[in-house]
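Chain nomenclature is as follows: A, B, C and D, assigned in order of appearance, with residue numbering initiated at 1 for each chain independently.
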Amino acid sequence: MRIGFIGLGNMGSAMAANLVTAGHEVTAYNRSPGRVAELAERGAAPASTVAAACGGDVVITMLADDAAVEGVTFGTDGEPGIVDSLPSGAIHVSSSTISVDLAERIGAAHAKAGQRFVSAPVFGRPEAAAAAALFVVAAGAEDAVRDLAPVFDAVGQRTFEVSPDPKVANLVKLSGNFLIASVIESLGEAMALVGKAGVDKQTYLDLLTSTLFAAPAYKTYGGLIARDEFEPAGFAAHLGLKDVRLVLEAGEELEVALPIASLLRDRFLTLLAGGGRDLDWSACGALAAWEAGGPRPGQG
Amino acid sequence: MRIGFIGLGNMGSAMAANLVTAGHEVTAYNRSPGRVAELAERGAAPASTVAAACGGDVVITMLADDAAVEGVTFGTDGEPGIVDSLPSGAIHVSSSTISVDLAERIGAAHAKAGQRFVSAPVFGRPEAAAAAALFVVAAGAEDAVRDLAPVFDAVGQRTFEVSPDPKVANLVKLSGNFLIASVIESLGEAMALVGKAGVDKQTYLDLLTSTLFAAPAYKTYGGLIARDEFEPAGFAAHLGLKDVRLVLEAGEELEVALPIASLLRDRFLTLLAGGGRDLDWSACGALAAWEAGGPRPGQG
Amino acid sequence: MRIGFIGLGNMGSAMAANLVTAGHEVTAYNRSPGRVAELAERGAAPASTVAAACGGDVVITMLADDAAVEGVTFGTDGEPGIVDSLPSGAIHVSSSTISVDLAERIGAAHAKAGQRFVSAPVFGRPEAAAAAALFVVAAGAEDAVRDLAPVFDAVGQRTFEVSPDPKVANLVKLSGNFLIASVIESLGEAMALVGKAGVDKQTYLDLLTSTLFAAPAYKTYGGLIARDEFEPAGFAAHLGLKDVRLVLEAGEELEVALPIASLLRDRFLTLLAGGGRDLDWSACGALAAWEAGGPRPGQG
Amino acid sequence: MRIGFIGLGNMGSAMAANLVTAGHEVTAYNRSPGRVAELAERGAAPASTVAAACGGDVVITMLADDAAVEGVTFGTDGEPGIVDSLPSGAIHVSSSTISVDLAERIGAAHAKAGQRFVSAPVFGRPEAAAAAALFVVAAGAEDAVRDLAPVFDAVGQRTFEVSPDPKVANLVKLSGNFLIASVIESLGEAMALVGKAGVDKQTYLDLLTSTLFAAPAYKTYGGLIARDEFEPAGFAAHLGLKDVRLVLEAGEELEVALPIASLLRDRFLTLLAGGGRDLDWSACGALAAWEAGGPRPGQG
């Protein structure tokens, strides 16, 4: 297929390279052009504007946040965006982690312009992206998702179709971050408890992750909490707060009370109020120990 | 070593059999004698009283609850208990899941009688017990734990020494149940949210357990919630409430606030108030969907 | 003083009438003109446009919600608003219960236009407004608040100056609604508890309000909960949710965790999910009894 | 009536004096005899043992806590208690704030001994006791409560009969303390919010207590929070925790989830963990400001 790819960060570069490898005709655009050159060496065509990446059957966006996706989709500073540039019937695939609300607005704009829109955020770290082993969460009109099968197969190991409504894929992605934050909080409470009883936190974590909780989320975040290692941030606390807020807003829209998400919101605000804005979000897991008499995270 | 074994349920029988296999001289006692006969065929000596199982270097208890362990330890109905029967210097190993408070009282009684006490609850299901693949959480005086190495090696794949204070092992065991209940609640909230947005709960769970949450706790309890399958109970709601209460009491003793545990307590009470006392404790994970407009768990 | 008054609902009419009585030169505007005529009989000059009410030293707005205040302030449907019409140096006094965010935007617009802005929401019911016995919460530049003393004295019994920043008065007003909702929830829990023990809820409330809780909020809302009387709504649940959301947003802006507000948000969502959108917000106080086995509010 | 009175603290002395004034024949006992002499001057007969105060129709206990009431009721150090001493058919009235559980055990013991038992805790401070203006919460068999009317009329301005089951009166009394603690927490959150926005806390409190919250609980505890005045304690934090725990236990017994009580329990633990055990319980109301970046209560 002829595919435009916009956003060549760690994740995007790897995904785009895998599309080239799979034989697709890829045209790549990035705000800072260095990454485009790298990809061009692997066989992609370089694009110097968003519009230039919108000439094919599909354009994929893989960008940092709502603002970036909004700018690229609707145009910015007088430059035309995807909605202005994509052929009728072509598909915009958004793989960025964006808000449910923005996904909804983008879908509406494409529908009005006679284009198709699929939300397809991914689960997996850069290494999984490089190995074409991502998990793709796809939502959109059935025909569009079906047409995208070769694309998803080139970047991921499995595709989960969750809804005909694109924004639902974003909700699913956000809910994953909510579940990670829940792990951080519950581990933080358990470690505050056994830690105050004199148990070594790393030994405790080894025990947990040898048995019932042998999962990446427990190993990664539990390790950071056990070692009080919150800098540099892999994912900053203020971004964690943002994702929890988006989950709560989705819950409000759907009329679903989410008591743990409410607790997490309060935790993140407490973390920020203590100067922890740029700490890793796992620093939330140190608040229970702080309340129990330990040092404030980021001030120890 | 010469080892008495008291309590031949699914877990206990398997552990005792492995001790025999490892070459220890095992004397076994059980309230109902059928299980003793089975074990005798494998080479253990049968005991018809608690006292008769207390003649060796070590006696291990593996019983259902505080009441059973209390009766066997301190004697009941005029029959002498372990404290009355164990030789000076010998070790009582409690592998049951009991309260921190009872562990403390048992430890004090043995100390007064010149005996030693080690708390060593285990993580793992009956199949792991049969395969001598349990994880042992051991707490007690260093010399006692060291002397028990051949015992723990015969029943488990790894021993975690967590404290010189026996009751701390019980706290660690209880904290594991708290973490499972946290998984139930957080999955329940996430599923209520995406479920109300139209996502199939089983597909969602497959996605989660393929990636960040590839852990037994998520697979087992998530599956029960996704299928609304709360009967028969693997572990009943009222027992879940009891464990959360014990964790909260330990937190009160140590002055550690545990907001998720507080939430779980409220959830279990709500579950019980709706008639869910004997449902599986994972039915807590259906309360978020109930609040969001779905059926009350156990009344659907 | 020469005062424009915009918004002649129950509260506004009474306030405007008191300004006339106190000798001020009042020009009154209302979207539906009937109320203007009534006030004209008492001596006010009628205005048929927003602009016509903006010729004096002061213009006061007393409207239902953010949308109404926004429309009147910035103009709507091509009609000029207060910002377009007020003389330089004149003061816009907003007495409506609006969001902190809107107050901030209005203040900025007036500053840019060389006008002054004071937020002055009031506490008190229509009877208090009629008796010129309101409590005024004023925030804005010191000179502006001082110049308004004759205005506030004409409508209220006491003025509380809370900040030089207008939006802070709106935060104070919203926090009052948060405190009322807290009363509803705590009374709801206490009544669920003693009610399940067989105590008559009205007797219980009589006891509370005879002693430590002899306050209007307890009498009014406690009575509604005791009688399960949630229709017709004095203040609808969805408006209660809105105010709690605004308080939470203010807390997020200021980095203040508000655990009871978080709980209230979840309660309101649960109420709405059960069909209680248009019930009185005190129906939140029936949720604890519902969880404890009673009927769902609005479905009893 | 012939009335024994046991426990002559500030509250008890005043109540006993009013019984004398009303013409009852009062025999008074106190552990330290000074207070007995004072009362004897007003016309009461002195008793030097518990048993000596148990010869009449009624004996009233007004003591500090469960331990004191338990000792006096069941006897202690070989001295006979009320159950051993009271004539058949006579009534023990417990006006102390005791646990639901102890009230139940006392009631059972009296029933077995052919005596009657009424729980009648009171609302009101020592000044109200002196003025015979207490509010009496009475629970017990209807005939017993009726027989006690002259007693209650002598000490209080109004009696609320809440249940034929004595322990329910204790639950009602405890629920009052829960509601006060809820006021402390909600005011603490609201003050943290407006305080961080620059509003003077005392001005804010004046506003609240002039209007919707013109109640003693708001004035008293709000004032302590506004002034950060937590020493000396009127009612210590660890006693506040005890009462919240008793309310939660009652809720567990009745299967009623109490989310604000759960939050309060966590708050009290956090307060104690920071060294606040002996601060006034209103110091809980300073935790929200602490989380928002302010000083830890008791360490400022």
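Simple rule for what comes next: contacts are C-beta pairs under 8 Å (C-beta built on N, C-alpha and C of every residue); 3 or more make two chains touch, one makes a residue touch a chain.
The structure displayed is predicted, hence computed values, not measured ones.
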Superposition rotation for chain B onto chain C, Cα-based, multiple of 5°: 180
Of C-D and A-C, pair with higher C-beta contact tally: C-D
Taking each chain's C-alpha mean as its centre, the one farthest from chain D: A
Centre-of-Cα separation between chain C and chain B, whole angstrom: 54
Averaged-CA centre spacing for the pair chain C and chain A, given as whole angstrom: 40
Interchain centroid distance [CA atoms averaged], chain C/chain D, Å: 38
Residues of chain C engaged with two or more neighbouring chains: 251, 255-259, 263, 269-270, 273, 291-293
Complex interface listing, chain C residues touching chain B: 269-270, 273-274, 291-293
Partner chain B, residues of chain D touching it in the complex: 241, 245, 248, 251-252, 255-259, 262-263, 265-267, 269-270, 272-273
Residue ranges of chain B touching chain A (in the complex, touch as defined): 123-124, 135, 137, 158, 160-163, 165, 168, 171-172, 175-176, 178-180, 182-183, 185-187, 189-190, 192-194, 196-200, 203-204, 206-208, 210-218, 247, 250-251, 254-261, 263, 288, 291-293
